[in-house]
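In structure tokens below, several structures.
You will see chain A twice below: alongside chain B first, and alongside chain C after that.
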Partner chain A sequence: MTARVLAFLLRAVASAWLAVTVTFVLLRLLPGDGLTAQLRESGAPDSVIAERQAALGLDAPLPVQYGRYIAALLRGDLGVSLLNGQPVSELMGAQVWATVELAIASLMVGTVLGVGIGYVGGQSALQRYKVSSRAVPDGLRNIAGIVATVALSAPVMWTGTLAVWLFAARLDWLPAGGAGRLSQLILPALVLGFATAGGVAQVTQRALGAIGREAFVQTAIAKGLSEWVVGFRHVLRVALPLIITQMSIQAGFLLSGAVVTESMFSRPGIGRLLLDAVLRQDYLLVQGIVVWMSLVVIAATALADGLALLTDARLRQSML
Partner chain B sequence: MKSRLGAISPLVVVLLAVLLAPIAAPYDPMATDTSAQFQAPSAAHWLGTDQFGRDVLSRLLHGGQRTLFVTLAATGIAAAVGTLLGMMSAYRSNETGVSHPGDWIAFGAGVIVSALFAVPALVLALALVTLLGTGLPSLAIATGVSQIAPFARLVAAAARQAAAMPYVEAARSLGAREARITWQHVLPNLLPTLLSATVIAFAYCLLNSAALSFLGLGAPPGQPDWGAMLYEGRQVFRVAIWVGLASGSAITILVWLAIWTADRVDFSSQQ
Partner chain C sequence: MLRFGSIRLRSVLVIVLMLVIVSMGQAQDGAVNRIVYGLSFEPSGFDPHRNASAELGIPLRMVYDTLVYRDPATGQFVPGLAESWEVSADGLVYTFRLKQGVVFHDGTTFNAAKVAANFDRILSPDTASQKSIFMLGTYAGYEVVDDFTFRILLAQPYSPLLDSLAQVYLGMASPAAFGAYSVERYQFHQVGTGPYEMVEYVTGDRLVLRRSANYAWGPSFYQPLAQGKIHEIEFRFYTDVSTRALALEAGDVQVIGEIAPTDARALATVADIQLEQVAIAGQPLQFLMNTTRYPTNNRDVRQALLFGTNREAIVDAVFQRFSPVAWGPISASTAYYSAQVVGSYGFDSVQAQALLEGAGFVDADSNGYYDAEEGDLEVRIIVPPWGLIPQVAQLMEDQWRTIGVRAVLNSVPTRAALFEAVATGEYNLVAWYEFGVDPAFLSNYFSSSGAFNWTGYANPNLDSLLVQAASTLDENARATLYAQIQVQVMQEALMLPIRDYVNINGISNQVMNLSFDDYGWFPLLVNASLVSE
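Let's look at the complex of A and B:
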């Protein structure tokens, strides 16, 4: 057990270090950056440019810069913006809650919708293994299948446009963008959550089919336990670790999707900040945000591993 | 082999059709006509017109070709580098106790894959665009590189499974060298996995390159492109929903077709 926990903590730390390193290396590969371009455009002489670069520590050899960067990161310092010298953590701090709010709301939408669709889709398998006797109407099953397929294939940009067209322009129920009020969170969360629901539904459906035929489920049915008890306590309970793992995989997708969603719904947030930094070639800010996002994803994965360990007795058993 | 060909052919036919589609375009995709702004779909303009009076159908057909070129280039990068890294990271020398140079290569390849995997795909692509600048070639490279890690993981998992097969044992006992076993015995047997992983990579490359293009990092403004058309559609959704509807549906259908194909290729390999 301790070995298992240590192993996945070690893995998380190693992944974090790798993500930091790959970001650092990638963004230092080519010369030419927003700062130099901006200063040159404003007619600043080379000496001024060199001075600014020295002030930011960009004139040091790469290994030295890398060492300084890692040391600063360990102190929780993500560096400064190349263009205005503001600390990255300050810039991000102003935006982070809008993204956290969107991510949590989307995750809730995606989980409820995904598990629901997957449960409906998995009913025919459960029926085959006699876990469930109620037949799901064909219509409902087809709708669940179509929704899962569209959720998996449709780009967020498209579902988002359709959603604002329907709910903001046609029905006039919800605002088309902005942030601050709860009503402005609903549409973006539905759109981003819908996109994550496809994967969750797929995993849920496959898990139900695979678990339904297992001996412990068949034993529970043979003992005469009610369908509800078998369905929830045996089947869904065992599917839980798989669903949690799938949700942690969605963490990276949520951050990627936040870039698109925030820009299309004119919301503030880390995704918008990242896009602006990319467009201005502020690679120090890009580096800070990418590193932060990777760390969030790695933390989410570690958290899911931990939760899977808590919810899946077989995993604990195998490590003892 | 026949069923695998059957599984992949609908996708290939559709891709060829999209590549050749500009021939069928009824209008010049760049021709503006201010008197024909925001026209709803009609007999003259099947999919309507946009804010500059340009024919949406013609832009869809021309844009599809451009979007597909970028996506196919990206898929090629992901598949080529992903196969190489995946095969290398799955390599295990049989010599116990002695550290073989091959083991170090495998370790290095595994580290690179893990590092790339730690950064979310679209975020990695955005970081690469910062480095490479905007434009279609950098879009293709950025999207392709961001799909290398998932591709390599699939290949590595399949290669490790294949390495335990009797034919590998047989080749080894005949005195074949490890490199020969890896590339000439294991790799050809991974064909269904590679095919299915390539189709999946294609789906994600399409979604991500369209997203980057939507964010304004792709083709120069005005050029038809599915992602850019979605952006235009988002701007004018109150008056002309059809502008974004067409390209969004096209992307969705193509991604769905790719996922469906990948499933079928996978199943035919299991039977």
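Let's look at the complex of A and C:
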């Protein structure tokens, strides 16, 4: 067990380092930086530009800049934004909660919708394996299939614009954007939750099919247990770890910031901050956000593993 | 079955609850004279002394007063915080008599020492100004003559000085306020003397202004506080262009700028929304032509490209006719604009081909393109991603194919990448524009020593005209000089103008009398009012 935890930590550190290093190198493959471009546009003389670059350490050779950055990172210092001088941690801190709020709401929508669609979609398999006797109408099953496919493949850019057009501009039921009120959270959470639901539905449906034909399920049916008991206690319970793993992965993506959704709904958040930082070539800010994203994804993976252990007795057994 | 029933009941309750919350939220919005104003993006910083974005001026123009203002009706300078000023005969000393009785929003009094403190802040290396410091031109120092007399000293005559002083970047902030915070934190606690006070700035979310009750020292074109005037303004950031028009239609915002031309076409039919097209002074969308690289080193080729470009078709297709066609190096709303250039190089593909053939180009291999020294006649264009420039460049590529010239588009992702691409010198045209009312910026582009002399053109006569125009104080002399400059730039075909920049604003019919200042970007929210429903 200790070895596994150690191995995990090692992997986590290695992935975070890799993410930071790749970002550092890629950003610098692009010519110039946001501050220098801005100063040049404002008519700053070359001498002033050189001074400002030196003050931020941008004049040092790349390996030196890299070394300094990693050293600062190990002290927990993410540096300052090139363009407004504020600490990167402070800029990110101001945006994190908006992202967390949207992530939780989207995950709730995505789970309910995804498990629901997946359950309907998986009914034919359950019926085949006699777990369920109630026939789900073909129409409903087809609709579930179509919705799952659309959720998986439609870009948020499109579903989002459509949702704003319909629910805000035409029907006037909900605000088109903003943050702070519950009503402003509904549309973005629905749009992002819908996108999340596709993956969850797929996993749920497959899991139901796979588990339905397992011997222990068939035994339970043979024992004469009610459909409800078999459906929930035997099938869904066993499918749960798979669904939770899928949700944890989605949570990792959602918490690292929904770039398109946040911009589209005029919401604060880490994703929007990242978009602005990339467009402005504010390197330290981009790097800081990448550190956050990699940590969140690693944490989500750890959480998935942990939850899988908690919910899956077979896995616990194998670990001991 | 009961189980399902109760779930359904619960979900109905939840929906009802949600609707109640939604309607409560909307009721709050309408309570005071309050509007939401959509900005196109969130600037990297909101401190006008430090940051450079035009977007920051949209709210902050109302928070700060400047020493002088440009009257939007006449374009002339009128008193702001300075009630009068005089310029010495040699153009090196500007003496400002300041208004008395002016009070900052924090209760401190405005005087010459406060102006001095603002200059100190702008010039301080700690402030690391990205724009304001560079607007001072040949600035050499200041003198506080007495409590209400302030003097600016210049090393060389610099005629755009008043234009700089009329802009929000050189607005007067309360030294007590900026002294109380670090240079990075002041942007959250800004204090000026303007008609609106800053209430809060929440990064990523909003910036809120509230009408100041005591304001009584505005420029002549600011109307006094009256019934129906807007009390509170919340600025929000709409980075994504696709939802800007929708936010306006949904009633989330009452004013929003930089609407995409295609959306504007659709919005024009919406009953309770007005479209306000505001021309922005400065350079039109233009392609500067490199006179040092083959084949644009040949003036006939440059002129042929001008004749071969159907600007009306571009404005129709890309800008949905929401922009005037541009004819010269400055747009029609810029100071000292000369109409002499209008109509020069109207679309004429026959003339374009005649010029190319006159210059000795032939299409020996009959492949549709003239032959160059090597291969076909080809021009390389640097194409940045903003301002619909890629769409414009694509149309140019198509149009030039018909006159036998191949355009090769070199897309660059950022400003920094554009600067880099220009530095290599391997281009024939580069798309670029900057904004401003005073055309002194032309020196940067068309004088041989200009920092943005991307045309590589060097002509002592044009250099001398540009120097005179930027140093003489006589209005008429400047007008004559800048007219000559505009004509000469076009005669030499140093640039290809496409369209005057127009900001398409969508404004709810509830908002009345919203006009914009001379620079075009900055709304005179002080004069606007709200119709009660």
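By our rule, the second predicted complex is superposed on the first by the 308 of 320 C-alpha atoms of A that agree within 3 Å, B and C clash if a C-alpha of one lies under 4 Å from a C-alpha of the other, contacts with A are read in each partner's own complex, and residues count from 1 in each chain.
Note that a contact is a pair of C-beta atoms (placed from the backbone, for glycine too) under 8 Å apart; a residue touches a chain by one contact, two chains touch by 3 or more.
Source: prediction; values computed, not measured.
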First, second, both or neither for A:211, with chain B first and chain C second: neither
Contacts of A:105 with chain B and chain C, given as first, second, both or neither: neither
Partner chain in contact with A:94 - chain B first, chain C second, else both or neither: second
First, second, both or neither for A:244, with chain B first and chain C second: neither
Touching partner for A:161 - first (chain B), second (chain C), both, neither: both
Partner chain in contact with A:197 - chain B first, chain C second, else both or neither: neither
Chain B versus chain C as contact partner of A:178, first or second or both or neither: second
Chain B versus chain C as contact partner of A:18, first or second or both or neither: first
Of chain B and chain C, the chain that contacts the larger number of chain A residues: C
Contacts of A:26 with chain B and chain C, given as first, second, both or neither: first
Common ground on chain A, meaning residues reached by chain C in one complex and by chain B in the other: 30, 157, 160-161, 164-165, 169, 260, 263-264, 275, 279, 281
Touching residues on chain A, where the partner in the complex is chain C: 30-44, 51-52, 55, 81, 83-86, 91, 94-95, 98, 157, 160-161, 164-165, 168-169, 172-184, 186, 260, 263-269, 272-273, 275-276, 279-282
Residues of chain C touching chain A in the complex: 18, 21-22, 25, 38, 41-42, 44-45, 50-52, 125, 128, 130-131, 134, 183-184, 187, 202-205, 236-240, 242-243, 246-247, 249-252, 413-417, 419-421, 434, 444, 451
Chain A residues within the chain B interface of the complex: 14-16, 18-19, 21-23, 26-27, 29-30, 149-150, 152-162, 164-165, 169, 252-253, 255-257, 259-260, 263-264, 274-275, 277-279, 281, 283, 286-287, 290, 293-294, 297-298
Complex interface listing, chain B residues touching chain A: 111, 114-124, 126-132, 203, 207, 210-211, 214-217, 227, 230-231, 233-234, 237-238, 241, 244-245, 247-249, 251-253, 255-256, 259
